[in-house]
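Shared between the two complexes below is chain A, which pairs with chain B and chain C, respectively.
Right after this comes the complex of A and B.
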């Protein structure tokens, strides 16, 4: 945290997720593969109106099968 | 009220300023209850330990039993847990908070942590070079700052691995 200027740009949440991602990328191969999964999130949302659910929409649509989900650092 | 009494008694009994060298305490009557938890895993759950060394944002510190209650944000750095007279275990922690509660309990919440053996020095070196390149390049301020944060983490890991 030598550059505390990040507070002007990032939230604390984003800062911690960036540091966590850096740690995960520095692990040895097997641990890294397991850890990378922890850093990934998928979001789908759906609008409800008059008790009816609308279309379920991906926040970041996967382009094709097996596309990696978005990183947790939002 | 009891918190006030605890604070004043802890002040009288305050642990001496420690260097973070290899000092351990052979016979210690008082241990502190440590909970070191990550979102996906609990490394320690209310375990009795003798001493915990942390790298807090305000500086490196060693927590012994009956420490004054405090909340410390953690830098990316090493958390060292000394459980008894037989050596210590170290984890590199990406960040989080260390909270000493009244009642001799220490809780460390971290987002990511791994034992030092789980790190690959080549990966760290490569990542550090990559991050420094982005940080001194000409991308947006956000990207450069993000790379700067990552570079700080990689440098801390190198320092931790180097002085293992």
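Right after this comes the complex of A and C.
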């Protein structure tokens, strides 16, 4: 096995998420649909400086451009 | 029905010289009571349906919690056998709450626990320790109490059962953010029973504290693998906390909506009594007027 260069690029958590995604996509149709739900995240985060919040950023940006964001950024 | 029509006729009659129309004030009060009754009935319907929804969500959330807690337990095992040499001074405090309200005291319980952590002189937590908040409600509360400490906030978690993908995303963002800390404390709500919860703190060690711990040094682990373990342990702990807090939130929302429905139905019966009494009083007044008028003829 090639000596692990992935550690320079991303964390172990990302590594497991990629492996999990590969596994989910390899399942039979019915099980795949159920498993896909377990892998979804619509996480948004916001950096704070000095008591002020910055811009809200999606971790996985949604595909449709037309959908307006539901929550108001504080 | 009858009362309202006769009231209308009464108001249409020219008022007696000098006296205010006797039915006018009663009619305004009756109309008000009727409107209030209608709105409280609507509120009762809404809170009842919210309670039903929260009960069904609670069942699902509890099952997910039982499964998710195993991650936290496995985590705790490692840290129990490899305790840190010295207690951390500069801890990263991760506060777990959610974006939605109407769930009783869930968010304020976690915010209060965080403020207690910072106010506690004995524990010796550095006052400039960074805070990261998951959930808009606690973010709003803590941005008023400890605004300078907040470094990162997350939202859109907790709409549905939290997934490990959520927890892994949060853990990665924390690790990438480059914030400095010696230890991590996760503040969340512990599920005691379907009607009670309490805030709790779970400690997670960083890679460096793990490496220095004598219990860990007994095994000669490669640095790479230790880093993986620390990262994975953080994601595990966050996942366990997220799932348990989610279950607490659903149970608190169910209880809150249950209380609200009970209060609303109490209010409805009280208002109904008031309305009936007012209606009967108006009818009686009318009758008295008519009879006095008839007796004068």
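The rule is simple: the second predicted complex is superposed on the first by the 40 of 74 C-alpha atoms of A that agree within 3 Å, B and C clash if a C-alpha of one lies under 4 Å from a C-alpha of the other, contacts with A are read in each partner's own complex, and residues count from 1 in each chain.
Convention: a residue touches a chain if its C-beta (ideal position, glycine included) is under 8 Å from a C-beta of that chain, and two chains touch if they have at least 3 such contacts.
Just so it is clear, the structure is predicted and the values come from calculations on it, not from any experiment.
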Based on the superposed arrangement, let me know which partner A:29 touches: chain B (first), chain C (second), both, or neither?
first
Going by the contact rule set out at the top, does A:9 touch chain B (first), chain C (second), both, or neither?
first
Quick one: is A:55 in contact with chain B, with chain C, with both, or with neither? Answer first, second, both or neither.
neither
Tell me which partner A:45 touches in the superposition: chain B (first), chain C (second), both or neither.
second
Given the touch rule stated above, what does A:17 touch, chain B (first), chain C (second), both, or neither?
both
With the touch criterion stated at the top, can you tell me which chain A residues are shared between the chain B interface and the chain C interface?
10, 16-17, 38
Going by the contact rule at the top, pick out the chain A residues touching chain B in the complex.
1-3, 5-6, 9-10, 15-29, 31-32, 35, 38
Help me check something: in the complex, which residues belonging to chain B touch chain A?
39-40, 57, 75-76, 92, 94-96, 111-114, 118-120, 123-124, 127, 131, 141-142, 145-146, 148-150, 152-154, 157
List the residues on chain A that touch chain C in their complex, please.
4, 7, 10-14, 16-17, 37-48, 50-51, 53, 56, 59, 71, 74
What part of chain C is in contact with chain A in the complex they form?
99, 136, 139-140, 143, 147-148, 150-157, 159, 163-166, 168-173, 175-177, 224, 227-228, 231-232, 235
